[in-house]
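What follows is a pair of complexes built around chain A, which joins chain B in one and chain C in the other.
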Partner chain A sequence: MTAYREVVVRTPLALKILPIVSVATFFIAWEIVVRTGVVPDTMLAAPTTVTQLLFDKFTNMDPDGALLHQHAWVSIQEAFGGYFLALAVGLPLGLAMGWFNVAEGLARPIFEIIRPIPPVAWIPLTIFWFGIGLPGKIFIIWLGGLVPCVINAYVGVKMTNPTLIQMARTYGASDWQIFRQLCIPSALPMVFGALQIALACCWTNLVAAELLAADAGLGFMITMGRRLAMPEMVVLGMFMVGLTGAFIGVIIDRVEKRLLAGIRR
Partner chain B sequence: MSQEATCSAASSSIANETVGQVVDRGPISLGRILTNRWFLHTVSIVAFFWLWDWLARSNVLGAGSSVLARPHEVLEQLAVLTREELAELTLWGHVWASTQRVVIGFSIAAAIAVPLGLFMALNRYVNAIVKPLFDLLKPMPPISWISISILWFGIGETSKVFIIVLGTFVPCLLNAYNGVRLVEPELYDVVRMLGGKRRDEILHVCFPASFPAIFAGLQISLSIAWTCVLAAELVSARSGMGYIIVQGMNLSQPAMVIGGMAVIAAAAWGTTLLVTALERKLCPWKRKIVGL
Partner chain C sequence: MQNAARPRNKIEVCNLTKRFGELLVLNDISFSVAEGEFVAIVGPTGCGKTTFLNTLSCLLPASSGQILIDGTPANPKRHNISYVFQEPTCLPWRTVRENVAYGMEVKGRPRKEIDERLDHILDMVGLTQCANLYPNQISASMQQRIAVSRAFAVDPDLLLMDEPYGQLDVKLRFYLEDELVNLWRKLKSTVLFITHNIEEAVYVSERILVLSNKPTRIKAEVKVDLPRPRDFMDPEFVRIREHVTDLIRWW
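Right, the complex of A and B next:
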């Protein structure tokens, strides 16, 4: 007789079925509401119409002047441009602010001035400065991604176990050595948290930037849908934004798991 | 970080870690003044405004004066806006219009999302129904809803409040949900050992332990609410701070744009302080985390 029996945890059948039922009900209700005319089709498009448009958009340039994957590609370019710039500036800045007093003393006040301004508020100034091209949008997205990068890197360094720092000092480590070999590794989980948060911020700001000034991209597609009173295009644009964002999020999650294997969160 | 200075160490303990708070009382020297925190802060703020002023004066960013306003011009513009009316409202009227939208949207979202999040965490059947729908709608940025909300509600107040509700809903719900799920299981064991029922577990463990997480969610929601209201007002509005910024853009008056940005930053900062104060009052057991 073995000492223990394997415990089998059973999820009730209802728990497995309910999620599927709920999503299915949502889409069916949506379809019915539009088909029966409870909600007029100038306000909302049925899921089937949206799906039709989805396939149509891969080959048909009308009425917004670009194919779906071209819109998506423009958006992804802008988002990644801003995102990587934000990482390249924000993470080193945050790490340095966390450890070096001089860096914190100099950068903190400016950061605190910039931080409460929503990135969306910068759009008009950016249009003055850069016009409505790619650099302007990258600037907005960069601003949006910068704040979470700095905060997370900073908090990550600040949360380094003080005992370890004291021990390193006892063994005669210099400030720089402690920063490089102790603070940065211990801040890594927070830094990777920042990757996800910054991505979500970048993606939100991308849509905002494109709503106001653009001639291509998913946000532009949504705006055109509204101007042309085509709700199916608006809904398609929203779904594409959500889908692309979620997809990139999953990729970053994978990379994070690969790189951080073995570090306890 | 000079180690030679004579130190008087006071220690406080968090959990079972001892954190030393070292106070340097060394002789005053040039190096110490140069690395003093307040000195550095002053330098940085002065440098920031000087650089801004220089950029505005020297036209580096582009020709003409319509690219960037000097700091004192922004202040003058704000002073003018408090006296003269823009679209039948003074500056305070616009601030109030935006704040009203944020407060209404934020309250509606918090009132629905927090209980729903708690409910989802406590009952797995509710979770099984709501979670997939929520996951479906979550990745869409609230700003992408602006277009459809204009189609639905026109360009009035309703569409703006709707955007704010959507944007603030997500972090409120997620944090309430995770707040309960991440409660330490030992706490439940204690209640059960003392003979508590399910009701006691929820009342005495779940709610208090998830409060800090809920408040963190509310803070995130607030900053999202300001972004949303601004985006909605930029797209279409007749009042609010976004309207001031748009007017500044249309009239090519950077002073007005930057003034609007400064006011919205101040308003966002003010509401954040308010929620922090409320949090201190309502859940004093939250451990203080050093940081931003």
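Right, the complex of A and C next:
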């Protein structure tokens, strides 16, 4: 067994140090630009001001009516509600469309009609239907996440190595066996790509939905920051949106690496 | 062509014809293969060898004629047909062991039988050591051995091989050919082995079918009645090899 010992891959030094240097430089430059007045503080807040507000917002409901984690929690609920609904509908639909002609024939035309409409364009209708509460935003976010799920799952199945399908056929595998045993595992890397892309789409649409129709959430906080002329609140909202999105992305990446051990090294 | 040692015909191919539109590829091919026989098929490049195998394996429907296995029309769901492709066909998300098991799993064999057979076959081909590795962790030749093991594992009525060792170097090729012959003798499968390497055909098979240029038919049949292990320097071996070479010469 020793002959097949795992190879240890080391991260090059440059890739360890340079990211820290680059991030530090970015924030220091930003601070200097605002502090020295090159950019007036009515247009952009310095990182230190934003950090102050960050800690303040954990205990202070003013001026936007909710604490920071309350905003974040509302956004996360909306985003994940829409995201998981998009996965639950989009992935099976896309996988089925990739392999079964009936599914492709029925769903593809409708999907192609709806696909080019940006989810934000649905907001007015959504307000008619659901008001400005949670369900409406989940609907918008769901629409946004659905498209990448369907497309990636569909393409993933279509990319299944045809020789593998032939191989399974000669063993007498049924269509369903091939779908389950070959097409779905083959599509997994694309599906995991979809998890990331869909999350980005959901998160983007979340902010859009909250900018237009909300009374709480990180997007709402950004809007309030604009209305109250508080750039630090805008920046804090943006930062929180980015941070939360990145954090979820890391988790998905971890899960992906573990599940796809055999496909990617 | 029947002799006393051959109990019966396992495979009967009757008037097999395949056309793609106007293009006639397989022209009224008939032959039979005895149970447990190892038949090699050689032919000039582009003579439709792969179409021939794809039709035999029911991947392509025949235009006319039929293929009988044990007297009934060949059907991958009913018969055990195995096909070893030219390129490696390992499932990258399965370990070596799970890959070899794949054919048996499709056939719905009981888990206990699968495990026993896996132990036996992995041991025979020396893959036990790397049974839990994934295909991207092993060499291309080992991947091809997985495909061969998987093919033998289902106890095939008909095992089709399409130049399985075409991309390997000569030394390894002889080694794997010995391994193949060994598997065939122990597991007593009926093998149809396609190759463009005449030496390989003489080395492994009991009988060689020589195909003609398109539209393809069987041009000649050469018996290889040499003791094993075979020596490719043996004058009789060389005579057969040259005879087959003359038969497919197109230059």
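Operating definition for what follows: the second predicted complex is superposed on the first by the 238 of 265 C-alpha atoms of A that agree within 3 Å, B and C clash if a C-alpha of one lies under 4 Å from a C-alpha of the other, contacts with A are read in each partner's own complex, and residues count from 1 in each chain.
We adopt the following convention: a residue touches a chain if its C-beta (ideal position, glycine included) is under 8 Å from a C-beta of that chain, and two chains touch if they have at least 3 such contacts.
Model, not experiment: these values are computed from the prediction.
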Which superposed partner A:167 touches (first chain B, second chain C, both, neither): second
Chain B versus chain C as contact partner of A:22, first or second or both or neither: first
Dominant contact partner of chain A by residue count, chain C or chain B: B
Touched partner set for A:185, first chain B, second chain C, both or neither: second
Which superposed partner A:212 touches (first chain B, second chain C, both, neither): first
Touching partner for A:109 - first (chain B), second (chain C), both, neither: first
Chain B and chain C contact sites that coincide on chain A, given as residue numbers: 161, 163, 166, 169
Chain C residues touching chain A - in the complex, by the definition given at the top: 54, 57-59, 75-83, 85, 87, 89, 91-95, 102-103, 105-107, 129-130, 133-137, 147, 154, 160
Chain A residues within the chain B interface of the complex: 14-15, 18-23, 26, 42-44, 101-102, 104-110, 113, 116-125, 127-129, 151, 154-155, 158-159, 161-163, 166, 169, 175, 203-204, 207-208, 211-212, 219, 222-223, 225-226, 229, 231, 234-235, 237-239, 241-243, 245-246, 249
Chain A partner contacts - residues on chain B that touch it in the complex: 1, 3, 17, 19-20, 35-37, 39-41, 43-45, 48, 61-62, 66-68, 124-125, 128-133, 136-148, 150-152, 223, 226-227, 230-231, 234-235, 242, 245-246, 248-249, 252, 254, 257-258, 260-262, 264-266, 268-269, 272, 289-292
Complex contacts: residues of chain A adjacent to chain C: 1, 3-4, 161, 163-164, 166-174, 177, 181-182, 185, 188, 260-263, 265
